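Going in written order, the chains are labelled A, B, C and D, and every chain counts its residues from 1.
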């Protein structure tokens, strides 16, 4: 059945192509269902082929060649099917399918309904290209395609200037990361002479010096930080909330932003040789986690909270991956995909029910009107807050456990992670309470209503997954660890302590932190808004800073964008014209001058040519004899 | 003082060099051909002398092939001279500089 | 006493069947001309095409059963030639190039009158010569192949003898070429003296088993052999003949002249340095690298200042010779990249000269770039084909030229010639501009003067095909790369 | 001893002939100089036991090739003196420079190797006796293919000569477009 794997990419791609040509004619909701069918079928194909991985028969990575483009340098279309890609594929297609279904309801009535699904399918195909790639060339292809599709999706409502700007921003910031990624690939190619995973990772130990490995690791980190919205390149993600909510759920919870984590895990063999780069990854992750969590606290836009929360959780994954806890990182990636997709879709359901209202201060008391949404989002909130036995608890605890075992530095990061966990519990509770509890604070003329079945059923499924999803890897039964083991063969994986007492204490501490966060959130926000203000004023200027996201955008604007723009202007008119043109012209002039000087040699006279020939003969002969030690 | 094949080969080298430099100093195409013949003869002498030193007949066999090539080159070369001469009434290569740069 | 049976002891007609077919075909063409005195060239064209196809068929047949040929039968004719994949690939390229050249330059043959039979026979014989050169592992045999190929080319350069330019080209080519041949065969004689053998494989055997205390004479011999071959591929500083000859020779034949010599000489050069003298790598590699670097720089810089398309192509050919030499430096595996480069470059070269012949006339000698102004409007198909081929030569990504350049650069980089790769990339950048200049002229400038451009139906299709192949191989190089890899393995 | 004397005499005559080729003003004199070199070499071949080569040298070179040369010299009427002064700028200086370098290289190589240019030679190598039989055996055995290739060469020579120098009566002479 493994030969069918290319279908995983081909099906969504075919869906996109089909909808591109016929979508408008088919109209809604049929085009939505076709897209769903395409990705659903991809999920089924993936699932069928995942069976050997589940039964433990997939010991080594299987390869399916689609097209040998340049086999010599390992650049071909080739699927690598190992535990890591199995997991990623199932998450992408599985969660993706649910999001597609949801989107059918959410995008109801949009004039570009079918176009939306074209993009969604295209995006899914790109993401699957990325995770299924068997070499860096194909990975890069998927990487770029994903970026392109996210641009299309974020600025889907391109008539809104903010949406168009957000798309552009995502594109530009990602480009910065991509540059690092590209340089990393070049270094890899120059050192290994190939781009295929096998050729690189198996020989990493013998080929790379520590210095090179660190360089490659750091460059990969730059690329990953761009895609996975890490400090300092995270700024595009909150803005990207301008896109339709299913897009946020798909891109910013389940798929694209996890690409960075995926790449770091994939390149585990390189990071293993470069502990310094690993620490850099962990540090970036911890800083991001805390930084974004604080910002999330101050947000009042329902989606902005989730956006910063996503950034923060991705920081978590980086933290784990940087310390060698790849399984923990991938585990959290998976559970996060469940509950964050659920949260995004839930918020979408709320926005849908509230007639496109996104300000949480104008919500409240919605649980009576949207019971399913409220319940499922409640589950997700508990899950992300790390309340046992929900999914988030297990994965978050594993990350914290890994950090705790990671020496002194790891324990510092553990403290950061713990604080972040508490903050996460707080702001998520704050969100849920503000939206669903208390008195209604709606604008006039808003009549909240529960969303149609097509939207709530995915919510329920995701809620179930958020509850049980964590059970695949508990300290009692390391299912995921065993499952992923073949993909990390030869990698020294970091584990949480295996002693039950340590686990129990750590778990107790983190649960306590979560409960504390929930308690504060509930106590403060389940009251009239006046009390919130009082609470918030207690933080003084800090709260304002959080509310304004530390004004990072303004800072970037002032320090990078504006000078950059000015520089670009200056470059175009002052530098470009005289200097660049001068350089080009100068080079051209040099070539022409040298050329016309050399041309004189070509007199057209055979005897002159003869002199040149004989001189060349003598030079070559003497050089050769001297080089060969002949005299 | 015994003559070794090396002596003959040195003589051949000198003949070859004379031929090679002759190409550069003469402007009459016919004489330039003669210089090429001179070079090929130097090669033949080298082959014969080397074959003697090595005790191999291959050196002498090679001479026949160089000879055939020399003959074929002469035929074509003289034909080209005749063709050029019909156009320009001159066999001086210094006058052939229409193509340059 | 020797008997006939002994004489035929290791004769393998199959091993040289393509050359035999070409030689017989040449004789046939001459006989048809003498016997029937055809007014038009139709019958000769068909004969030539048939002969080329038959030769190709024999080569293909041998390729298909190559794996079954035991090692003992790989060196027939007293170990003079080798039966291997590289040699067969060289034949494929040469035969295809020959066919394309005849098809695209057919207008010239029509105008040659009764001389067309000789021209066709000479083309077939020279192809046979270069093929023998590419399969020989015996230096005198290699010399014979070289001479058979080259002497025919001297004549072809001057075949439009009524034009002073053509005569001049023939004379220059012949004089410098025969000097280079003499240098080559002198080098052969010196390596014979130095190693006691004329067979490349035996020379290598001798050198691996013995350490020479004073290898001076042998080194001179090797240097002279390398010079003789690099002359044929028009590498600097032995390139001076190329621009003049390419400009003076009839346009319809230049493509063949440039391509065929390159195929034969490069494969022979590879056999010489990598099969015969790998032990002396430390001596020849720097020299070859130096020649390569000089060729790339001189070729690119001088091409940039040309105002004649054919001179520009000639100088760019010098640069390309440098690029291919770059690939030769990486040892025995380098042949894959070299062969791929040769295949795609010669194809583009023949195609490009085919277009030049169509635009400026098949027997003229001048083809100013300004003659191409406005071609995009006059002959859009030709203009697009020419642009594609030029971009392929420039090495634009998504053309076969890019893959080829990439391959040889990569090989050279891995062989430790990083500096050479940097020079090569710089040269490619310069090269890009002069190729672009022609394209800009074709599409952006107003036509000047009269329009002579005309192209036959066959030539048009063939040229379009070459352009398509250039693009397809840029996107889908794997089959051809595999073929090249196969050849090394076999 | 005899061989030593012979060597110096023949070296002298062959070099004298070669210098005549490149120095004589009259092409006919050059041809005569070449002839002298060819004959000297033929004798050297005999001394080296290359009998058949010597015979062929006389017959083919001195006989056929030189006759052809002389014939063309007469045909195109250049049997008159050539100007001595160099017309190309720098040509003479460059050639002198190259000649000096060539001499230096030759001396360095010759002395560096002690005139032993054949390091592969076994100590007790017997000079091969170049009788017709001894030469013919490899020529038609191992070297058969190369021998056959000469056929191609001669065909090319014939066809090429016709293409370049045979002017058919009444045939249109203009192919330029």
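Criterion: contacts are C-beta pairs under 8 Å (C-beta built on N, C-alpha and C of every residue); 3 or more make two chains touch, one makes a residue touch a chain.
Every value quoted in this text rests on a predicted model; they were computed, and no experiment measured them.
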Pair of chains joined by more contacts [C-beta pairs], A-B or B-C
B-C
In whole angstrom, how far does the Cα centroid of chain B sit from the Cα centroid of chain C?
25
Distance from chain B to chain A - Cα centre to Cα centre, in angstrom
73
Rounded Å distance between chain A and chain C, as computed from the means of their C-alpha atoms
51
How many angstrom lie between the centres of chain B and chain D, each centre taken as the mean Cα position?
5
Got the chain C residues that touch at least 2 other chains?
140, 144, 147, 151, 154-155, 158, 161-162, 170-172, 175, 179, 183, 190, 193, 196-197, 214-218, 220, 243-244
Expected list for chain D, residues touching two or more other chains, is 88, 91, 94-95, 98, 102, 108-109, 112-114, 116-118, 120-121, 138, 143, 146, 150, 153, 156-157, 160, 164
Can you list every residue of chain B that touches 2 or more other chains, as numbers and ranges?
9, 19-21, 23-25, 27, 32-33, 49-51, 53-54, 56, 58-59, 65, 69, 72, 76, 79-81, 83, 93-94, 96-101
Chain-level touch network, classified as line, ring, star, complete or other:
complete
List of chain C residues in touch with chain A within their complex
171-172, 175-176, 179-180, 183, 214-220, 222-224, 226-227, 231, 236-238, 240-241, 243-244, 280, 282-284, 286-287, 290-291, 298, 300-302, 304-305, 336, 403, 407, 410, 413-414, 430, 433, 476-478, 481-482, 485
For chain D, which residues count as touching chain B in their complex?
3-4, 7, 11, 14-15, 18-19, 21-22, 27, 30-31, 34, 37-38, 41, 44-45, 48-50, 52-53, 56-57, 60-61, 64-65, 68-69, 72-73, 75-76, 78, 82, 86-88, 91-92, 94-95, 98-99, 102-103, 106, 109-110, 113-118, 120-122, 125-128, 130, 134-135, 138-139, 143, 146, 150, 153-154, 156-158, 160-161, 164-165
Across the complex, what residues on chain A touch chain B?
599, 602-607, 610-611, 614
Going by the contact rule set out above, which residues of chain D touch chain A in the complex?
88, 91, 94-95, 98, 101-102, 105, 108-109, 112
As the complex stands, chain A meets chain D at residues 605, 607-608, 611, 614-615, 618, 621-622, 625, 630-631
